[in-house]
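Letters A, B and C mark the chains as written, and numbering starts fresh at 1 in each.
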């Protein structure tokens, strides 16, 4: 195993960096898109609500692998040339955004209804009330679940391995196939994933306790 | 358009449905196993049994924080080293169950935690044993609280079975790949079919859960 | 702080258990595969399920079909007699060796090239098919041979775990290689223009070209890829028996009949050169 690390540290490290990069891009992207669709889902306009609902249900009920592979295989045929990393990151962003929309929506709903009315009665518009009163509070409520979404995101980024996204899992597969040292390779890859996810997970639990 | 008509020939549809059947089989088996094992592990973790809870908790945390793909590899390639040599479908069920049990255990733990401690104390004061208090007072409420989280976990499980294509599990995604691999004109029709089939299964699962939630509550 | 030590201690414990588990497991090598198979009257083969002409799942029947499948059946009959049964386990280039080492399968007949690196891990029979690596490109592609790919920015598609992706590093080191999990994915990716060419062994490429009229095999063979049947180390009795059976099917004409059946109509394939 020491030998494996000594000879393969470079691809492993590249993989780890790609995994982190892809996870961060997807997190930022899915936060923006997710919040947007959460707002659609609770809007007063029926049409917007339906659009928000459909988006969330579609991306929540289709496997990430199907979404990612579709981006990798179909988009380049008709629309634009995108590589595996990009296709994977887009797929991951859209998939996660549906979960974030649900989390944010639940967060907004958990804020007392009276607050919105209060804000409106002081002369704020709906838009202002959302922006200055409701969303800041909602975000505080949703920080722990969002943290868990980020952990899921890091784990789910392994789907890039299916589309040659050069992430940690892809590099792991190549090394395992190359050296035929399957279990030791995946053991090292596992440790590398845990280095990112385990501290995050403990921190989130700590935060949950503090906020509760 | 012609591609769609050709792609949805009865032979291809039947092949997809055979894959879907494997997906459903594996999902149902894994849901049942991981619900039972996960609940037990969640209770063990909550109960603070000396050493045992800490070890169980640590293993759960490790499994929860690894990508499912790795769990699949460890199960299929690693277990034979300790004398368990599962065939592909049992291997997939084992991998899914190991991963999902850990996820369920965490949901159960936080579900029980969310129930007011005073209730357990009250029950104990009334002469119930600790186990009775948990079983009769705490768990039923906790399960109700954690239903949404459990349901979305089980929906994830159904979706995640697609990852097992990597070990050539003959489920829905793999069968679709075999079809479009033999005729690349069928890529788009196959992805449409995949999206629709997975959506139907997962969405019915959440409708079923809603129904149960309303009628059992 | 005490809690931290607890966690670290548990982590070390777990790591050690896993290490021991991965270190042991040499038990498979000790069993005599041939004796077991003769007793159970069946041989379990690891074969391809996505590779036209060699091992492909028939959508209509759900059965595996191809040259390797037929050859495995013929050899099984030679070894175990007319009642001998074949069990086929579909494998990919990534899963076949772990499955063999774990004993899930007795032998691999899955377009596996005999290479010195692999011989460190598994034993091979004599070659049962002499392939050579080539390229599949779109018909109007400017790529005519492997040298055309040796430029920065060129992307070559291959299958992870196959020998052909390693050869690209040797023959076209400037090209970028994308490794996908199986041939279905690789062909689809070529069609999605994710790469300039798909590389693997000619026999497999002919199968793909036959199925996809807009694509052709170019550049001839730039390597020799003899396919061997892989068995676990220390299974010399089984390996010798397989070599014997291979020789038998070659001598009685079965081999040539199967070659003709699968490759007789394949454009670009030289039957006379390949027959034995």
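Rule of thumb we're sticking to: contacts are C-beta pairs under 8 Å (C-beta built on N, C-alpha and C of every residue); 3 or more make two chains touch, one makes a residue touch a chain.
Quick caveat: nothing in here was measured; it's all calculated off a predicted structure.
S.K.: Name the chain whose C-alpha centroid is most distant from the C-alpha centroid of chain C.
M.R.: Of all chains, A has its centre farthest from that of chain C.
S.K.: Using mean Cα positions, find the chain sitting nearest the overall protein centre.
M.R.: So the chain nearest the centre of the shown protein is B.
S.K.: Looking only at C-beta pairs in contact, point me to the busier pair out of A-B and A-C.
M.R.: A-B
S.K.: Would you kindly tell me how far, in whole Å, the mean C-alpha position of chain C lies from that of chain B?
M.R.: So the centre of chain B lies 33 Å away from the centre of chain C.
S.K.: Go ahead and note the Å separation of the Cα centroids belonging to chain A and chain B.
M.R.: Taking the average C-alpha coordinate of chain A and of chain B, the gap between them is 19 Å.
S.K.: Go ahead and note the Å separation of the Cα centroids belonging to chain A and chain C.
M.R.: 36
S.K.: Multi-chain contacts in chain B: which residues touch at least two other chains?
M.R.: 62, 77-78, 81, 165-166, 187
S.K.: Could you check chain A for residues that touch two or more other chains and list them?
M.R.: Residue numbers touching two or more other chains: 73-74, 77, 161-162, 176, 182-183.
S.K.: Considering chain C alone, which of its residues make contact with at least two other chains?
M.R.: Chain C, residues with two or more chain partners: 22, 94, 98, 181, 185, 188, 191-192.
S.K.: Quick check: in the complex, which residue numbers of chain C touch chain B?
M.R.: 6-7, 10-11, 14, 21-22, 24-25, 27-28, 49-50, 52, 56-57, 59-60, 62, 89-92, 94-95, 98-99, 102-104, 181-185, 187-188, 191-192, 211-212
S.K.: In the complex formed with chain A, which residues of chain C make contact?
M.R.: Residue list for chain C touching chain A: 18-19, 22, 93-94, 97-98, 118, 121, 160-161, 166, 178-181, 185, 188-189, 191-194.
S.K.: In the complex of these two chains, what residues of chain B are touching chain C?
M.R.: Chain B residues touching chain C: 11-12, 15, 18, 54-55, 58-59, 62, 76-78, 80-83, 85, 87-88, 165-168, 170, 177-184, 187.
S.K.: Under the touch definition given earlier, write down the residues of chain A that touch chain C in their complex.
M.R.: So the residues of chain A touching chain C come out as 1, 72-74, 76-77, 81, 83-84, 161-164, 170, 173-174, 176-178, 180, 182-184, 187.
S.K.: List the residues on chain A that touch chain B in their complex, please.
M.R.: 57-58, 60-66, 69-70, 73-74, 77, 151, 155-159, 161-162, 169, 176, 182-183, 186, 189-190, 193-194, 197-198, 201-202, 208
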